[in-house]
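Quick one: the structure is below, questions incoming.
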Amino acid sequence: MEFTAKDFRDYFKVIVDMIEEQKDYLCELDRKLGDGDHGVTMSIGWQAIGKKLDNELADEEDSAKLNITVGKTFLSAVGSSVGPLYATGFMRGAKAIKNKPVLHDSDLKDYWVAFGNGIQERGQAEVGDKTMIDTLIPFVDGLEKSFSESQNFLDAFNKAVVAGEKGMKSTKDIISKRGRSSRLGERSVGAQDPGATSAYLIISTFLEFVEQRIEKVS
Amino acid sequence: MEFTAKDFRDYFKVIVDMIEEQKDYLCELDRKLGDGDHGVTMSIGWQAIGKKLDNELADEEDSAKLNITVGKTFLSAVGSSVGPLYATGFMRGAKAIKNKPVLHDSDLKDYWVAFGNGIQERGQAEVGDKTMIDTLIPFVDGLEKSFSESQNFLDAFNKAVVAGEKGMKSTKDIISKRGRSSRLGERSVGAQDPGATSAYLIISTFLEFVEQRIEKVS
Amino acid sequence: MKKLINNPQNVVEEMVEGYVKAHPNHIKQLPENDRALVTNRTTKDGKVGVLIGGGSGHEPGFLGYVGDGMADGVAVGNIFASPSPDPILEVTKAIDKGAGVVYLYGNYAGDVMNFGMAAEMADLEEDIQVGMALATDDVASAPKEEKEKRRGIAGEFFIYKATGAAADFGYNLADVVRVARKANENTRSMGVGLSPCYLPQTGKPSFEIGEDEMEIGLGHHGEQGIEKGPIQSADAVADRLVNDILADIEINKGEKVAVLVNGLGATPRMDLYIVYRRVEQILSELGIEIYRSYVGDYITSLEMGGVSVTLMKLDEELEKTIDHPVDCPMFVQK
Amino acid sequence: MKKLINNPQNVVEEMVEGYVKAHPNHIKQLPENDRALVTNRTTKDGKVGVLIGGGSGHEPGFLGYVGDGMADGVAVGNIFASPSPDPILEVTKAIDKGAGVVYLYGNYAGDVMNFGMAAEMADLEEDIQVGMALATDDVASAPKEEKEKRRGIAGEFFIYKATGAAADFGYNLADVVRVARKANENTRSMGVGLSPCYLPQTGKPSFEIGEDEMEIGLGHHGEQGIEKGPIQSADAVADRLVNDILADIEINKGEKVAVLVNGLGATPRMDLYIVYRRVEQILSELGIEIYRSYVGDYITSLEMGGVSVTLMKLDEELEKTIDHPVDCPMFVQK
């Protein structure tokens, strides 16, 4: 599989639209656990990215540079909790694919592993804290494991997204230990974490994106 | 007919209870035309009077002094628009019956005429301004006229209350020219003036009070 | 209606008690009447006393404005009801320093009668000279031809500010009254209501309004305004308020104004500054100079939602009064 | 939801614009970043810079507290969202006078990460020393054993007050940070929510609450509290809040406190003073001396209804910081 800066741009544009659709749902989840703004925050951030994609980044051919700008733009636009988290994800991802005009399977794997691990490093959350880490670490672990077995990115990513989804759903049943919702204690049980949900949407959208691209090509 | 300080006290106590019953209705009328507090204001004032009647005034034998204290108590307790108005009514009434241990028909007529005229003097409103004056001036005029014809207080007061009632009802159809409601212009039409209503309640309660007393006696 | 109160009958007493306890260096209750509050600082001999007052429920108006540079005392009424003459008279006696006392209050039937009666008593019984100035700043409350019928709303703040300063400058009673009346003459306000307040004793909303409606020209006791309509943007509201004000008072290019964007109680500062932003734009476009701005809750109506805009046209004398420092429990200006 | 705004997307930009226009003598926007505001007055050379910040929607917090005696600059976030490192860094550069800068913010995941990133950049890229102090005053947000997890609410006001004064006294960075942390150590708050606020962009209430309910321990972004129950009297609420605070921090007879009764946005001053009245009674009964009181809207949550009580236990040094005069657009103390 091959993946270029143009593909990143197209993928990010799909996220821009996806976030607009999911905005209310993400806010609704955050109203139960936090301050009700997660959808708004994601929307502000991705709208800002959308503008960049159409302007400064319209002709960017370096995937790493594109990802760095995407991360910085998101951070500047939103601050908040998820600003530093997702920004770090994109910037660490960028680092992993530096100077590669075209990404191949193992580059893409490296990108997503760096993305997930970077977020964990930034936020210092553990699996079970009821955060996006509950999506991202199972996802990263699944990706690494499956890829080491099959050396096939698409196949491994597929399995990793399934693991991420399971992680996301698990946040429903656990007591929060991080972020705003941690103050709820027992009362946090029963609601799915908004950040875990947006993280899942970002990875599952990537899966759909590459699958559709493959369909088109074939 | 004979009327003493004790009768005044009993009458005023009936008003205390009557106002509690009419409180919400008077507020409701004021919500349409003013600031919605007329019932509250009347209640605060009459509750204060009620306390005085049971304490300092419990043994007061001078009708004039009793009325002066009632007026002052009302004024101190409420301020507001109706504080000075009703207080002046009671104080002018008191002046008209000074030094009379027992009031007879013509004294009672003088009392109520002074009551109504005093209020008009204080507020400088005219009939047709959509205030309590629309109740009180027809009432005073009716009282004077009928009394000069019959020299019978009860008969004259009866007719005067009917005139007052007509005046009160007329406030529904006129544009306000005084007080808070005057700013409404056309929009004040259709609502009955709260002060005209409380003034009517005060005089009609007096009528009921004396009629019942006569029944009891006879 | 949700309120953090105890017995609705006692809200004014308990508020005053809390207020005096919170600011013992600023203010005290007179022993003669617990609705009579005066500054706890010694005021200059020969200074004209400044007395303000009105119904409760407008906090910081009116008790919040007693202190250095503003009022010397306040008579506190029931909720939305004028104080009776008793506390007015007690404050008058307490703050008279031999130079007389000026009464500042809004043009409401109740206030006119009660302050009027107190002034008569001060003159007759106490031999204290009393001057009066009524606030009639609300342009929505009567047409220009009947200006004397207009009620006073947030513009009262500017009248207190100007009058308090004039008294501090050592002006005599006639001059203090002149400044107070000039401040009123030069001040215009207009407001808009979005959501009602609730009288504690009735628990009823002060006015009815639909989910998507606003009422333009609303009075600050919930008296109906001049127009009910669909809720508009902050800019449109600012345009309407400022334009109605400027249609009523001539303010020319190069002239200076003080601006007050006043919240009615429940409106976030965020919204007030968004309204201010547009007010500033309009005035700048017209070349009217903003000398000083006040944005916040200055005269409220319990938890009413909405905003009013006030402009005071300044001359040199009023500028000086606006600059004068103030130290009140609810308003401080350096 | 009824708001006086224009486009919900632009509320923060428009508020900041209005704010800067309203107070040009006090505050200015940095050309590098319009969410970076600094005092428009020259601060002393060698003075430690005081930087505050956080999400918008808490006005007067946080931008209202930039001025003489409080903060030198503020980084403004989106509604209820930490500012990003960019404006924090720009303010840091602008207010550093060679003595370093202290960051004051509430203990929220977002703020911790963004201020932390900015501090790293200030150190690495700009060679500016940065100290930090987090507000963790809300006793309802975590048990005593996990105090470091507690969020910051209205107590931030006292931390700004103390820290701003310490910086003005000429303390060095270490000492300013020490005072800031001591202020936080000595400060406890707890609040109660009666009605929600509405995020401008969603129009949704920040929390659900029944007509006759209140939520005790509510966070100031509408985060759920520790207990939802029937609405209680002002006295009962004050009892609960003060008792929970006093169970958490030892304040002995004869010791002094500063008191803040803070409205969350839509609560009338009347109600706040009624709550204050009871707070004062409790403290007086315990022989705790009230050194100074603040009653009003100091740190809000848009139009949320409710109140919080904050106590800061004072020692001699903190007393001096509390007495220090302040001149900010939204808070002045003589």
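Letters are used for the chains, namely A, B, C and D, taken in the order the chains are written, and counting of residues starts over at 1 for each.
Going forward, a contact is a pair of C-beta atoms (placed from the backbone, for glycine too) under 8 Å apart; a residue touches a chain by one contact, two chains touch by 3 or more.
Please read these numbers as outputs of a predicted model, since none were measured by experiment.
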| item | value |
| --- | --- |
| Mutual neighbours - chains that touch subunit A and subunit D alike | none |
| Most remote chain, CA-based centroid, reference being subunit D | B |
| Whole-Å separation of chain centres (CA-atom averages), subunit B against subunit D | 55 |
| Length of the line joining the C-alpha centres of subunit A and subunit B, rounded to whole Å | 76 |
| Averaged-CA centre spacing for the pair subunit D and subunit C, given as whole angstrom | 29 |
| Subunit B and subunit C: spacing of chain centres that average the CA atoms, whole Å | 33 |
| Arrangement of touching chains [line / ring / star / complete / other] | line |
| Interchain contacts, given as pairs of chains that touch | A-D, B-C, C-D |
| Contact footprint of subunit D on subunit C as seen in their complex | 2-6, 11, 14-19, 21-23, 56-57, 59-60, 64, 192, 194-195, 197, 211-212, 214, 231, 233-235, 237, 265-277, 280, 293, 295-297, 300, 302-303, 305-307, 325, 327, 330, 332-334 |
| Of all residues in subunit B, those that touch subunit C in their complex | 24, 27-28, 31, 34-37, 39-41, 43-44, 75-85, 122-123, 178-184, 187 |
| Touching residues on subunit C, where the partner in the complex is subunit B | 55, 77-86, 108-110, 113-114, 117, 140-142, 149, 151, 199, 201-202, 204, 206-207, 219, 221-224 |
